[in-house]
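A short write-up of the structure that comes next.
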Amino acid sequence: MADEKAVELEGITKRFPGVVANSDIHLEVRAGEVHAVCGENGAGKSTLMKILYGMQQPDEGTIKVNGELVRFRNPSDAIKVGIGMVHQHFMLADNLTVLENIVLGAEGLHGIGAKARKKVAELARRTGLNADLDIALEYLGVADRQRVEIIKVLYRGAKIVILDEPTAVLVPQEVDDLFETVRQMRADGFTFIFISHKLDEVRAIADTVTVIRRGTTVGTADPKTISSRQLAEMMVGSELPSPETRESTVTETAVLSASGLRLQEAGSARAILDDIDLVVHAGEVLGIAGVEGNGQTELVETIMGMRRSTDGTVSLSGKDITKLGTLARREAGIGYIAEDRTRHGLLLTQPLWANRMLGYQTREPVSRGQWLDIAGAKKDTRRIVEDYDVRTPGIEVAAAALSGGNQQKLVVGRELSGDPVLLIASHPTRGVDVGAQALIWEHIRQARAAGLAVLLISADLDELIGLSDRIVVMLRGRLVSEEDPATVTPEDLGCAMTGAPREVKS
Amino acid sequence: MTAGIADSPVAGPVTMAVPPKRRKIPGWLSGVLWAVGAIAVLSTASYLTGNSDLTSSTTTQTALRLALPILLAALGGLWAERAGVVNIGLEGMMILGTWGAAWGSYHGGVWVGLLVAILFGAIGGLLHAIATVTFGVNHIVSGVAINLLGLGITKYLAHLIFEPLSGNPRQSPVVPKFDTYSATGLTNWLADLETQQRVVLSDVAGILRGLLTQVAPLTMIAVLLVPISYIVLWRTRFGLRLRSCGENPVAAESLGVNVYRFKYIAVLISGGLAGMGGASLVLLKDGADYLENQTNGRGYIGLAAMIFGNWRPGGLAAGSALFGYTDGLQLSGRGPAVLALLYAAVLLLVIVVVVQLFRRKWFAAGASVLAAGLLYAIYFSVDELPRDLTPYAPHFVTLIVLAVASQRLRMPQADGFIYKRGQGS
Amino acid sequence: MKSSLRAKLLPPALAIIFSVLLCTVALLISGDNPLDAFGAMIGQLGRGTTAVDTINSGAVYYIAGLAVAIGFQMNLFNIGVEGQYRFAAVVAAIVGGGVVLPPVIHTLVIIIVAVLAGALYALVPALLKVYRGVSEVISTIMLNAIALGLIAYLVSTDAFGVQVGNNIGTEPIPESGWMPGIPMGTGTLFGFVFIAALVGAGYWVLLNRTRFGFELKASGESPTAATAGGVDARKMVLTAMLLSGGIAGLTGLPELLGRDHEYLQTSPAGYGFAGIAVALLGRNHPGGIALGALLWAFLDKSAVSLDNVGVPQEITTIMQGAIVLSVVIAYEIVRRMELAAEQRRVGRQLGRDTSDIAAGGSV
Amino acid sequence: GCAKDSGGGSTTPPAGGGTQASGCKFSPVPSGGSGGGGASSGTPAKVDASAFKVGLAYDIGGRGDASFNDSAAAGLDKAKSDMGVKETKELTAAPNETEDAKQSRLRQLAGEGFSPIVAVGFAYAKSVEAVAKEFPNVKFAIVDDDTVKLPNVTGLVFAEEQGSFLVGVAAAYKSKGCHVGFVGGVNVPLIQKFEAGFKQGVKAAAPDAKIESEYITPAGDFTGFQDPAKGNVVAAGEISRGADVVYQAAGASGKGVFEAAKGKNALAIGVDSDQYNQKTVENSKDVIITSMLKRVDVAVYDYVRAVAGNTLSSLPKRFDLKADGVGYATSGGKIDDIKATLDAYRQQIIDGKITVSDKPSN
């Protein structure tokens, strides 16, 4: 059994206009193992998986599943031979119900009625999904969405499951839950292909790891014996960075202070933000930990003025900014790295220099009065590209043409350009590869040393612990506890975030 | 313009903070409640103003008649947009339908006429699908082009084919029309009831009688298409797949749904329904045969009714009915009837005020009081509404209802987006 | 990626060829001679005033197209340009005919009134959208119809209208309010053509060189990103809609100031709808809209010449529809061809130099 | 049970609503002149127009529109066969075309040597004025307009109110409930003339008669001429309020008016041409008791004839009852019984004893 090959990919090559995503890739996955695939952003992992799942057709190469040569014209073909995929980005329709999302495309199995519902309910139990199956998917939190994705795969009876960065949005407890499910299923004979940028996760779960660099396989290793550092070197040929903060630069000057902040949707009794008090000092990084959906997003958007607080005040360097709009707050010195760069940070079809203006359209060097200063914007964009190592063929390309990591570097560069006194960094390195991650951390650290106040929100607890001077935990719209990053462990933090009682330390 | 008609550029923040809301009452029940409420308001207004037009059988019959093409166009819009294709070409497809209906009916009788109308509409749909689905053209561009093509081609064909028959390049010869049927026993009884002038009872009788007399098969089919659309789109696997293409085509694709195929099917059905809407202008008793420009923008009104109805069959039926009703009322009852309707609006606003006070929405209640007062002042002070404006009563009513009703419109999430196979993130 | 000149010019050419072919088929079916037809269409430019008329009408469509395009820039679909321009034209004609002012100033007053009236009529859907979330598609469709009633009232003899023979219209504007044209052959080029060009230039500058234009485009491209960037979405909807309405208000003026000097109830409608097609043809670019407007006007004028040689004039409508559709399809085909070529090029290079192009993380 | 409705719509109550009275109390019929036509202008001298190229510029719809364009076409056809016109050319306006398109059309005809040129419809007024100035040697005529004061332009206008007066009398006499209706397509001055004459005619015959009067759309919204479905509803509304004879001046919407009348056992009166014989409304011809005739054909014929015979000055200033420019149709024989009465009124108008106003009174 152990030597049976569930999947064999040979000589896979896939070209996109201007990019070769995969070139001559070889990958062998044994039946019943968890096989990790690692690589930088844009190394071609997702592309390879999409090829295995029939969503994209390879230009060259062959695919064998369970020893048989197959050709997938579309995902249905792949599903038929028992392959399932959980995508890097959720593949869910917000407006359809949970049940509909799951049975879609597999109605042939149990219809869409009572039988299907029974089957799904059973799977929901198995994976720990507690949501009502008839509510629209948009009401689900990320962890539940991830579960829905996995149920989708199981519902179709897949034996070979591809998980493309499933842990990026999960907290440690949730990751553990997920891994527990995976281990159980592995014991039941399922095969997994697992993609993650978090190398300790890879080492924790995988039986084998294959590393991809620049579209080709560089090698296979045993995660039990290889160190994270070695793995990282295989991937990028450089050392694994860590988000350690060195000496404290915290001062006494409060930059951001919020008091009694409250946010309530019209017509809803529940407060999304409830009596939030917080202060960020110059030279300080305040980390906010919390399971997604507990109000961090709303807190940031309220501080940015994108939402109107129901109650409470926000002041910046002593000046009350509660009544100001987003632009005025930005002009007052807030830089903002939004959690979803494609939705909130960038104009994807516009050139890089136009993206440089976004949020700064009222200020030099990109504008003068009501007039845009295009030359100035271009010049400053070139500076950012240089300083922040944005890999791009030029500043005239559309932002969409950059990979995620490079897009993020551009955003960070921009938000640190306006001489901010406060930086709000929401998941600044989400989905960004190790190289870019290091660079972004370094820039945040430098700015902090120069006296910048930073409000950091991150799901990556190592990042949070490593960068922050203080950490507050957010739960159901409230700040429930404060932790010292010097002593707290990710596990403790995870407990506080989920509201679980903390194990008493001996 | 990536999103076609993106519904709300007023950007809301991302995260869904609203906790899951369970619908306490099922959709059909709330529909019934709304209908009962509407009848109650209308019959009260009719009683207080002494204008029986508000609930007469003639008015409802007319309303049904005028709502029909709008309803069918709106259903056409629904099918396309549920699959993610904005269809502003409904008008053109409808025009194609009018021509096809007349031509088919002339040569092979009403049913052939209906069939040809559907076919012609579907050809318009096919063109729209080729442009938007296969070539990924902006949906509005394609729709606008189809409106032009529909008009141009039918004019050309009428010139070529109808002129020798009718002597008129803008009109077809007289073509056979659908027979109509009445539930005679019932309607006679209802007629008695209606003439007795009893409060509420006579009103309900009038409304029902209007819906049950002289009904053509086409009318029945069209009305039935509302629940049928609902069932097919929301209760079958075919419908689920189709809707998934309008919500998240990439997800649908990743689950093995052939998005192109469903989009094609949806837009073809959409065109067919619009063509049927055209047929309803031609093939009903008292219909107009083919007449150039006879659709008069009804395709656009259908589109508006669909948005009004929040991309749902029941809602768009309500929108079409509202429009048809008001139009029928103003055309047959003219100024006095519209004035009575104004009175009904005041009553409605009073109810709204009570509800808002109950819900402790002071601002909304205040605004409604103001509006009610204003309308009542108009009602009280004028004996006759301006003659130039009464013909547009349905348009005013639509605007006012939209402005008053809370806007929780939700278009299919990927509506108007251009989808390309294998391009998903 | 900057598209090459070929990618810009080939599609319209293909589209025109395609629609000419389509019409040829139609003409052959109806037993007409396509050569006569196309000959007449081309020939009309050299005859009478058609060339000048084409430019004049082109200016009208151009303004309407710009009005629509402003909305499109931020994903607002202002179907209401039709109602806005007609309402504005009537109001401007009434004011223009009712006041006595020295030359130039009189004209300016009319222009300003038209802009304000158009903006005012666009204010309704804008407010409904911003404060009540009413889709501008519905509200402007409804307001287009309502405009008919308002106009009927305004030009009725009870209000501001005067009856001339069997027609009714507004009081004629005295000569001081006219805008002089440039005589060309037998025709006269409207002075307003230059204003239209100016509006087009202003449109370009506004969109590409001002903060407002940047915010407008940002809102259109990504409302969420614009909001995070400090753009007030409500304000943008309001301003864009008002601007669109204001420009729409100018649509009726070339003819009103340059030729008709009064608004008659028989004055033609439909410029607003044509504006939608023209804006789409021109891909919201001021230069493209200009070409689209001229093409549109040219096809419009062709109706008369075609009728003159006995060819069904409906052909022009078919041609307009066919061009709108085929031009976008052609753009798409050319784009795909270029992509495929690019892909082949990468494929060829791959043999020699893999790492450079395949470098992950950036293109 | 469910039953197929029989053709006549027996399930609806008879028209007239409540009071099914026996008719109106009529004014005494004016005496004098039950004679035939008053417009017999003697035996016409033979006129030869074989040197003439006649151009016709129609309004939207053109030849075959079963309305005034068609009527103009009939006049042209007659001129051709009677006077041997050398060449004719007919061009048609497109919907929503601009002023310059109209001018181009006329200019094209003039440039190609056509003269006289007849422009059909008052929408041509400004264009005729502009082009006639450019071609002083070309003769122009314009139907429905007399505002162009140029030596080479002749206005061909009609006394629609006089014809409408007569059908108003007929309506009063044919109404069982002494209640009649008028449905106008679009509320423009031209159609108001029909309304005015009709109302006056009804009142003249039966001062107590009730009159419903509605337009489908206001001025400027020309869909009112194009929407039979709405015409139907408006007429049905009038009928349900008691009207049992409905006169329509609603263009293509008139068809809906006829059908409403047919469906509700009422009677109808057509307009412009003899609609009893019109193909497009043949389904409901049995309710059409008469039609108000507006003889555009006569005007066009007479005009061509006058140009050919160089007798333009003798052309009537207005084509009225006297000039046989308006009248009523008798096809179907439904008003044969009151023909004498109608002719009496006709004579009164011709003699100037009754003047018919062209503005509705209220």
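Order of writing sets the labels: A, B, C and D. Residues in every chain begin at 1.
One rule holds in what follows: a contact is a pair of C-beta atoms (placed from the backbone, for glycine too) under 8 Å apart; a residue touches a chain by one contact, two chains touch by 3 or more.
None of these values were measured; they are calculated from a predicted model.
K.L.:
Starting from the Cα centroid of chain C, hunt down the chain whose centroid lies farthest away.
P.N.:
It is A.
K.L.:
Suppose each chain is reduced to the average of its Cα coordinates; what separation in Å results between chain C and chain D?
P.N.:
39
K.L.:
Report the inter-chain centroid distance for chain B and chain D in whole angstrom, where each centroid is the mean of the CA atoms.
P.N.:
Measuring from centre to centre gives 37 Å for this pair.
K.L.:
Distance from the CA centroid of chain A to that of chain C, rounded to the nearest Å?
P.N.:
44
K.L.:
If you average the CA atoms of chain A and of chain D, how far apart do the two points sit, in angstrom?
P.N.:
Roughly 76 Å separates the two chain centres.
K.L.:
Could you pull out the residues of chain C that touch at least 2 other chains?
P.N.:
Touching at least two other chains: 148-149, 152-153, 156, 221, 224, 226-227.
K.L.:
In chain B, which residues are in touch with two or more of the other chains?
P.N.:
Residue numbers touching two or more other chains: 2, 13-14, 297, 388-389, 391.
K.L.:
Counting only residues that touch at least two other chains, what does the list for chain A look like?
P.N.:
306, 343-344, 349
K.L.:
Determine which chains touch and list them pairwise.
P.N.:
Every pair of chains in contact is listed here: A-B, A-C, B-C, B-D, C-D.
K.L.:
Could you please specify the touching residues of chain B with respect to chain A in the complex?
P.N.:
2, 13-20, 22, 235-237, 240-241, 243-244, 247-248, 250-258, 410, 412-413, 422, 424-425
K.L.:
Please give the residue numbers of chain A that touch chain C in the complex, ascending.
P.N.:
15-21, 23, 39-44, 59, 213-216, 304, 306, 325-331, 336, 338, 343-350, 354, 357-359, 361-362, 367, 369-372, 374, 391-393, 396-398, 401-403, 405-406, 433, 436
K.L.:
Sort out for me which residues of chain C touch chain A in the complex.
P.N.:
For this pair, the touching residues of chain C are 1-2, 208-215, 217-218, 221-222, 224-232, 339, 342-343, 346-347, 350, 354-355, 357-363.
K.L.:
Give the list of chain B residues in touch with chain C in this complex.
P.N.:
1-3, 5-11, 13-14, 127, 131, 135-138, 140-142, 144-153, 155-156, 159-160, 297, 300-301, 303-304, 307-308, 386, 388-389, 391-392, 395-396, 398-399, 402-403, 407, 409
K.L.:
Which of the residues in chain D end up touching chain B in this complex?
P.N.:
1-5, 9, 11-13, 61-66, 70, 95, 187, 214-219, 221, 223, 226-230, 232-234, 236-237, 240, 252, 255-256, 259-260, 263, 279-283
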